[in-house]
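Alright, structures below, take your time with them.
Shared between the two complexes below is chain A, which pairs with chain B and chain C, respectively.
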Partner chain A sequence: MALVLQNIDLREDGIAHLDNVSLEFKRGRLYTILGRTLAGKTTLLRTIAGLQHPQRGSMELHGQDYLDIPVWKRSTAMVYQQFINYPHLSALANVMFPLKRAGMSRDKARRRARAVLAGVGLSGFENRRPGALSGGQQQRVALARALVKRADILLLDEPLVNLDYKLREQLREDFQNIFKGQDDAIVIYTTTEPAEAIQLGHEIIVMDEGRVIQQGNSLDVFNAPTTIRCAEVINDPPMNIFSGTIDKGHINLQGDVRLPLPSHLDQLSEGPYRFGLRAADLSINGEIESEVELSEISGSQTILHLRGGIGSFILYEEGVYQYAIGSTVNVSLNPDRIYGFSVQGDLVAAPAPMSKQWR
Partner chain B sequence: MLKLNHKHFFLLPGLIVLVAIIIFPLLFTLRVSFSSWDVVKPGLDWIGGKNYVRLFEDMRFWEALSRLSLMAVGSVLIQYIIGFGLALLVWRDIILKRFVRVLFLVPMMTTPVIMSVIWRTILHESLGPANDIVQVLGFEPLNWLSTGGMAVLSVILVEVWQWTPFMFLLLLAGLLSLPDEPYMAAAIDGAGAFRTFFSVTFPLMAPISVGALLIRLIEASKLMETVYVLTSGGPGTATETSSYYIYIRGLRDYQIGYAASLSLTYLVIMIISLTIIAKVLTYKMARD
Partner chain C sequence: MKTIYLALKYLAILLWTSFVALPFLWALTTSFKTANGVTGGATYIPWLQYKPSLEGWKVLVRTGGQGIDIVGPYISSAIVTLSASFLSLALGTLAAYGLSRFSYRLGFLKNSDITFFFISQRIMPPIVLAIPFFLMLQFLGLLDTIPGLILVYIALLLPIATWVMVDFFNNIPRQVDEMAMIDGCNPIGAFVRVILPNSLPGIAVAGLFCIIFGWNDFFFAFTLTFTKTQLLPVAVVALNSSVTPWWSLSASALVSVAPLVIIAFFVERFLSSGKMAGAIR
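Showing the complex of A and B:
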């Protein structure tokens, strides 16, 4: 029992929003679609919901054609990144709306709507209209309206993106509990944030420019991104990419930086490669002289944008430090965490998975 | 105590205009309504509330008022329904959308008196094209303007023809300002076109609808030119409205004192009834 998309193409004004997308979503699982803006995430969800129609391809739910079913007849619920509710209805009436459309009696609809509202932490707010609720509460109403339908497919299109940090954290935790109760549904969640995708777990689908570029268990994708593009998308800040060669047991990077060849790269033949290194795998106190272009403080970490002989890169430093723009720091690279990509951008060697190190 | 300084003098022009065109005429009319000013004896003699006593016994005035209510409410409701329908029709993408939108506005841009003259010609019972069409369709010619009921319907017809575009314009502006999001939600929530209209479009349009209905009701309560040109209040008094009756008493019979009392009474009734209508509509909207 699954939703199967095959060779879906959707173009508008000559731009491919979905390019030969083939995916299979199984019931009872949570899928996180990760991609940058304009990657095609929202278009994919809107296509599944029936709000947009592909020019090519097929879509089947439980073996039956799903493309020809009009939007209002599909067993789909959707939460958008904007807090979309009915502004003229109370929170309770909002949540009752899909049940009434489905022909449920008023009393039964009210009982179920109240229960779902309580489930998303909105007891006591039933009679307020969306305009009288905070952003987080409005999004909870939208979520309740989606959950109450008990639809076969639950679509969540960056539902946290317009919330402040605290609310985002809180709702993200709530989501994990809420999704546990959706055993009969296919839950598809889109996000631009790698941390969110990994935190939600289950299966991750990485999209870029309308195409699926990698799919798999979230940690597997994080540990072994198959392309440079995927490595950039799955890491925040994006993985640093350096050009260089492997030569005589060493990695030679631009600017005469020479590193010992780590064991996980020693099976690679000599020649030109591109090397990837996460921002957290560089550190201050090394020999590579670099100039600070920008210094940001995020929570308890410092993010440095640097430029040196090896090119422009980003460094993540635990702790809060102040760096003057234009000042010089000496950086070292951790060779054991270097990813090897071909010149064309395909992964050829990856370090040991992070998850094993955490254990 | 208010201390006058130069900034208060900037208020003076507006104040003078306000006093000259609203406050003075209103107070003067009030004073005139307590006089017996007529063609025989013009002047501001004091007769107390005699005009008001006469007014309460004047059934022709009350009949005109109830007739006005019927014609105003009836024509405005029809304008609302047709205007809403037309606005919905051109709201979404249709061929020649801009052209059709402008076309619908033509009646509103025509001078009401001239329009009424044209309609009088159209509805002329022996020479007008309206009866030609009726006969072509195989029916007996209709007495458009010479029987009471038909004359009222004819006045309503002309009013609807003239003012539906105004309603259309307001409602179309309202529709174009509606957010897309509730429609996306409604589609996902399983609402078809019919249900979406009644559960989303209509409630979201409630504030604009109330405004449009009130504006038109205020305008329609002054119904005068159409009646004057089309039927002159006839046959008999079948289409006589309050404004037209006050005009007859004041400017045809020259009973200025009595006409003043009619005007003020009419004004008070209109303010009270329109306030009640506004409150009811707003209350219903808030509750729904």
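Showing the complex of A and C:
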């Protein structure tokens, strides 16, 4: 029992929003679609909901054609990144709305809507209109309206993106419990944030420019991104990519930087490659002289945008530090964490998974 | 400096308020005067400066002899205006929703051109429309009848209703319609159950415009009626004779404007902004 998409193409004004997308979503699982803006995530959800129609391809739910079913007859619920509610109705009436449309009696709909509102932490707010609720509460109403239907497919399009940091953290934790109640549903969640995708766990689908570029268990994708593009998307900040060669047991990077060849790359033949290194795998205690182009503080970390002989790159340092723009730091690269990609950008060798970090 | 600014500000407000309110005050005092009271110079305070009289008001309901009965034209105007406004609003709202939500293309014409085509009917001078309307009503046998006037007024009010509502619907995010459809409404259900209840401010504005334009129209009420049917603006003008009866004209002006003031008072509560707050963020 699954939702199966095959060779879905959707173009608008000559731009491919979905390019030959084939996916299978199984009941009772949570899928996180990760991709940057305009990667095709929202278009994919809208296509599943029936709001957009592909020019090519097929979509089947439980073995039956799903493309020709109109939006209002699909067993789909959706939460947009904007908090969409019906402003003329109270929170309770908002949540009852899909149930009444489905023909449920008023009393039964009210009971179920109250229970779902309580489940998303909105007990006591039933009679308030959306305009009288905070942003987080409005999104909870929208979420409750999606959950109350008990639809076969639950679509969540970056539901946390318009919330402030604290609310985002809180709702993200709540999601773990909320989704547990949707055992029979296919839950598809889109995000631009790799940390969010990994935290939600289950299966991750990485999209870029309308195409699915990798799919699999979230940690597997994180540990072994199959392409440079995927490595950039799955890491925040994006993985640093350096051009270089493998030559006589060493990695030679631009700017005469020479590193010993780590064991996980030693089966590679000599020649040109592209090497990937996460921002956290560089540190300020080495010999590669680099100039600070930008210094950012994120939570309790410092993110440095640097330029040196090896090119432009990003370094992630635990702790909060201040660096003057234009100042010089000496950087070292951890060769044991280097990813090897072919010149075309395909993964050829990856370091061992960091079990310590992802216990 | 601040004091001078405040003084100037309140002076400007006072001047404008006087400009708007004084004609009403003038009409109110004049409606209670007699011929002597009007010609004897400017007076404003009843009992002190002039002796109030109901003569001007009596003329409005007198039949035969002097004056004119405006009760009949009043009812006719109300029927024509309310019917035409209601139908224009109903048709205009549907047309506007279509123009706002669906894409139409007829040759090089697109939605924006169609919307402009609607309003362009109000750009040309009414005299241009008078002859075609006259001929059409004559052909239909509806000259000098209330249904004929309703038909003409719908043609005049529909562009206003459509134009106001297109703009209003354009400001309601499409995602609200989409969400209603995901929640089980077909497109008409989404319109009726979700979009329409949230469009009351727009409908109120469009309705008020329709009623004001319909109620105040003199030109078509004059050119398309003769003896059987008479609307209020024509009846008011008919009060005028060789001697202008300022007192009854003032009374009729107040009676004419009264329903609009009352309607505006009730509609105003729908005009407050923020009705769509909570739809989308």
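Basically, the second predicted complex is superposed on the first by the 355 of 359 C-alpha atoms of A that agree within 3 Å, B and C clash if a C-alpha of one lies under 4 Å from a C-alpha of the other, contacts with A are read in each partner's own complex, and residues count from 1 in each chain.
Here, a residue touches a chain if its C-beta (ideal position, glycine included) is under 8 Å from a C-beta of that chain, and two chains touch if they have at least 3 such contacts.
This is a predicted model, so every value here is computed, not measured.
When the two complexes are overlaid on chain A, chain B and chain C occupy overlapping space and clash.
Of the two partner chains placed by superposition, chain B and chain C are both touched by A:Y86. Of the two partner chains placed around the shared chain by superposition, chain C is the only one that A:R129 touches, whereas chain B remains out of contact.
Once chain A of one complex is fitted onto chain A of the other, the partner contacts of A:N162 are limited to chain C, with no touch recorded for chain B.
Applying the stated contact rule after C-alpha superposition, one finds that A:F242 touches neither chain B nor chain C.
Of the two partners, chain B and chain C, it is C that touches more residues of chain A. When both complexes are overlaid on chain A, the residue A:F97 reaches chain B and chain C alike. Overlap of the chain B and chain C contact sets on chain A: residues 49, 51, 71-72, 76-78, 80, 82, 84-88, 97-98, 101-102, 145, 149.
Listing the residues of chain A that touch chain B in their complex gives 49-51, 71-73, 76-78, 80, 82, 84-89, 97-98, 101-102, 142, 145, 149. The touching residues of chain B, when paired with chain A in their complex, are 179, 181-182, 184-192, 195, 199-200, 203-204, 206, 288. Touching chain A in their complex are the following residues of chain C: 173, 175-176, 178-186, 189, 194, 197-198, 274-281.
Residues of chain A that touch chain C in their complex: 49, 51, 70-72, 74, 76-78, 80, 82-88, 97-98, 101-102, 129-133, 135, 138, 145, 149, 162.
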